[in-house]
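Got some structures for you, see below.
Both of the next two complexes hold subunit A, though its partner changes from subunit B to subunit C.
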Partner chain A sequence: MSGPPLHEPDFALHVEDLTVAYEGKPVLWDIDLDIPPGVMAAIIGPNGAGKSTLLKTVLGVLRPTAGHIRVHGAPPRQRLRRIAYVPQRSAVDWDFPTSVLDVVMMGRYGHLGWLRWPGRRERERAFAALEQVGLTDLAGRQINQLSGGQQQRVFLARALVQEADVYFLDEPLAGVDATTERTIVQLLQQLRDAGKTLIVVHHDLQTVRDYFDWLVILNVRVAAQGPLGSVYTAENLRRAYGGKIALIERAATAPDTPERPLDGPR
Partner chain B sequence: MSLLAALTNYTVQNVLIGAVLLGCVSGLLGTFAVLRQQSLLGDTLAHAALPGVCIGFLIAGGRHLGWILAGALATGVLTAMFVVLMVKRSRLKTDAALGIGLSVTFAAGVVLLTYIQGTAGASQGGLDSFLFGQAAATRRSDLWVMGAITLASLVLVLACWKQFKLVVFDPLFARSIGLPVVVLEVLLTAMIALAVVVGLQMVGVVLMTSMVIAPAAAARQWVNRLEHMVPLAMLLGVVAGVFGALISAWGNNLATGPLVVLAASALVLVSLLAAPRRGIIRERIDRWHARRALGQRQILATLYKLAIKHRDRHYPVELGMLDSFFGLATRRALQRLEQQGLVARVGHMREEGPHWTLTDTGYAEAERLTHFMASDDGPTRPGPRGRGTPEHG
Partner chain C sequence: MMAALFNNPTLMIILTGMLVGVSGALLGTFLILRRNAMLVDAISHSIVFGIVVVWLITWATSGPVQILGAALAGLLTVFLTELLASTRRVRMDAAIGLVFPALFAAGVLLLNIYARDVHLDTHTVLLGEIGFVWLDTIVIGGIEVPRSVVWMGLVTLVNAAFVIAFFKELKVSTFDPGLATALGLAPTAIFYALLSLTSATAVAAFDAVGAVLYIAFVIVPPAAAYLLTDRLIPMLLIAAAIGIVSSISGYAAAIALDVSIGGMMALMTGACFGLAFLFGPRYGLAAQVWRQYTRRYADESRALVVHLYEHEGSPNAGRENIVPALQQHLDWDAARAEQVLRRSLRRGLVLREGSTLHLTRRGREAARELLEY
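On to the complex of A and B.
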């Protein structure tokens, strides 16, 4: 980053002294986090590092034990219309009786009033989003007839119709095939290029460097954070993962290798 | 009693209207319970209603339905909250907590019931009818209470339709867009307690749970949209209610409540078996078709291999040879392949049995199948599934 340092209201996400505990045990401990607007940030860390917990706390699903959170300078509760969320695919029962188009339109519920039913405008936006993720043909389909990759794209379309500024995604690339992964990543990068902020819980250390430009390494505490080039080092990864993974050595032995173009080949 | 006489009978009219209301409210609210996978909650809340019935009776000093239902609703909601607290604060799982809630409240209810019977004497006015329901005791004034509850829950569900839908489908996302998820979930639970309350008079606490579950479970088999499932569940509930009430009036005053439950259960059974996409029968038929198509493809492939081996596209294969190769009668399968124009009968040598040969289309199809099976990217190509069973497409 160049220029004068950003202040709290300038960050897309600002987390200060955040502690979250489950049954008395801290899952997140004393987290300080700043993510500037317009980046595509990955949150990585081993299992149980608190990645999903961090997302759920930011979104108000879990209550923090201590600390505070700001999204574009205000508590998330006051920024609901600027936040979009893509939960893990496994979070819902896909046998629920509803159609693809219906699920996508749920992204507009927050913008509709309490009593208003979704109408033609919501339908049009939902179709536009389905086109972006390449699922127009499946609009009328019952959601239990979708593949895993299609389910993920439906969730993404629902986030798109939220027309937010900050997108939180929980493992959007888990268990999807290579083609779907490419579609999703391209879409996310388009959003970033349009000035949106993307905060993605990611599990695959191998692809972090290819897809993202900002990195938060988490293991109950923040092990490292910042622009990907300076944070993705063997030492930082070892601090979070405990050096057990041989992959770390291979992935980040040479911190001086030039950063590959983000949308380049793997 | 003839059907017409039954319909003009004042008591039967009451029972019928009551059954219709019960069907409506249990289909409406049961849908959400079933989709939240909280069927056992209905059971617990039904049993939890019993102590409330007794307390309502004690407060009112008599069999006053308003007080009794208010009591039932109160203990139902209290029990639900108690169960939620137990799950949150202890290591008990939901089903264990529900089980405890069920038996504790029911035991307390039975104790209270015997206490009332002991003290109030003759004036206890058939409180034990709330155990299994006593539809014939339904009065016009009771119907007004039931109707008001039904109408209120209908209005509430319609008003908060999209919120309820989202909370049941994806509570995390619902929270992220700022919906008061906890409030909505408490509302849904309280409404199940309401449904139970409506059914107390007709069906009783013991059987009420199946009225909550059955119409919704049956409706889910036939439709794939919540917008269709709720009205269908209500309709099935009404059908079961009316059916039970009529049989009861027609027969020698057989117990209405259990008849309604039996009718609802019959609807579930039929739905589980016969529903077009999710039914067991359909599944079996599909599997049978698939197995038959597989057999046909194998025969086609065998004919193809023999044709290649003998360097003759139309090499005639004797039926007995195919039968012994597959170890079963292949004549029927060959006839079906013949109907599809893939194989043809040929007369060969007189002393041998009937012979079969691939047609040109059959040869092409077999070639395609073989290549399809050999290629790695098989499933992404237009597969033979549709082609294999053209007669059922």
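On to the complex of A and C.
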């Protein structure tokens, strides 16, 4: 690939001095962020911390006020084919007249390029992805007949057919049942084990330690980032969330309790 | 032969209506799904401003310059609307309501001042003159063809080509603009292209149906189609078909009643919508009521089956699995208990022996299925 030299090519995601103002008020202030390839990274932080804003900016949906972003060394616009995106479920109109298979095929549109219609190859890939998420039975179903967990798996299947290297997921585990959560997490871990990078906006502090190996704590600025073990500390969490999380704090200050340090009700 | 066809006023009027319907349906489908129906209203009014300005400059009342000018006026509307909304002092719907009446009023005032005696008058602006489209012809290949048919035909072809060529881009931009951006498919550009064509089509349709009736042709058929199907391509086809049917039936009704042809065609799109709303197979009112009705009855039968299953073979089966228990334990009044029992017997779920009730094998399976699920 020709063009300008790569900048920080050793990171799957490199964000430097990024400020994003959303409708007039800054949501992210001067963020510096690096995520190496091959990790499953969680981005956590309180409501309004700018987690979704960060994702949308990386994907070009929002424009930054300042700073730059690199995905595998190049601006995201030049890396579109290597990036997959799973938006929040609420981002789309589920009454849209289309089928499950069709939504999954949308993941191939980028590879198809302008003007070309999807064909048998795209259909087959979409079916394969539906099989991975366990939804082949629902391929022909109208999308407004899906449960929340099924919707999320459809989105995941759509990201799978993008065959990307870096996956951005916005709260993929929000409001799904335990079975779906397990399916999704297993799939994501398989992707990571295959060398892909997963960057997940996550809301549930209880499960962060179970699922992820890299952590970014965000609250308008980056409170902490790095390998999960060294970042998931009471002090860091308190810095981002304030003093409101006594329970988390207690669990996090005893990080070496064997097996499940944060036993949620499961 | 061809000349005879194009000389037939009835045929030309209906054909014009059909072309407006088809071209409108192709764009309206996406506008409805984007929830931008009101933008069509805004555009079709404010292009009056574009048409008048272009006419004042070039003295052309139709043709490519007019279409371009009006398309720009349509885009100006959308641009001003979004500009106003982006100040966050005015909401989007209010911004639409502020911008298009201003442009429309400016257009009407210019007409009043400069064009009192010209074919552009305020009545035509609103309703068009589809009844006279066959009078204004241009010669193509030695055949006289109504001007409206030529322009509407061209615009319909352009719209169809746009929708076919950019079908997947339109679909993903409408369904999930965030993904479209992430895939590099420029949803904003697609949106503005869609709106430009909406404006251009409005100008071409202007002579025939006017600004207000055009809205009916863009919005109503897709809205009806939305109630009739769960897929995008059928929605486009059904919407186009409704446009065609409305043109034919609207013409016939207008002649029979001796009223405005354009008005009747628009009314027919409304009638189609009414039919879809009432009798659509899945989302129609009748289907919904019927579903609720049958579901209630099915649930009652299920409740009975589960009740019998729970007490089957238990010591108190003699008290529970008898006909009076329907009233005493399940708390149904006599008439309802009677109905539920009769339906359950008819469906082969339950057997009756005197006043004792037994489950059939089918009834037992049904209960088991319900309880295990």
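Definition applied: the second predicted complex is superposed on the first by the 245 of 266 C-alpha atoms of A that agree within 3 Å, B and C clash if a C-alpha of one lies under 4 Å from a C-alpha of the other, contacts with A are read in each partner's own complex, and residues count from 1 in each chain.
In this section, a contact is a pair of C-beta atoms (placed from the backbone, for glycine too) under 8 Å apart; a residue touches a chain by one contact, two chains touch by 3 or more.
It should be emphasised that the depicted structure is a prediction, and the values quoted were computed from it without experimental measurement.
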Report clash or fit for the pair subunit B and subunit C bound to subunit A in the combined superposed model.
clash
Answer with first, second, both or neither: which of subunit B and subunit C does A:Y85 touch in the superposed model?
both
Touching partner for A:V61 - first (subunit B), second (subunit C), both, neither:
both
Mind sorting out which residues of subunit A both subunit B and subunit C touch, each in its own complex?
56, 59-61, 77, 80, 83, 85, 87, 91-93, 96-99, 103, 106, 109-110, 112, 114-115, 117-118, 142, 158
Note which residues of subunit B are touching subunit A in the complex, please.
35, 37, 159-163, 165-166, 168-170, 172-173, 175-179, 220, 223-226, 228-229
What part of subunit A is in contact with subunit B in the complex they form?
56, 59-61, 77, 80, 83, 85, 87, 91-93, 96-99, 102-103, 106, 109-110, 112, 114-115, 117-118, 142, 158, 162, 168
Show me the residue ranges of subunit C that touch subunit A in the complex, using the header's touch definition.
33, 88, 165-169, 171-172, 174-185, 226, 229-232, 234-235
Residues of subunit A that touch subunit C when the two form their complex:
23-24, 56, 59-61, 77, 80, 83, 85, 87, 91-93, 96-99, 103, 106, 109-110, 112, 114-118, 142, 158
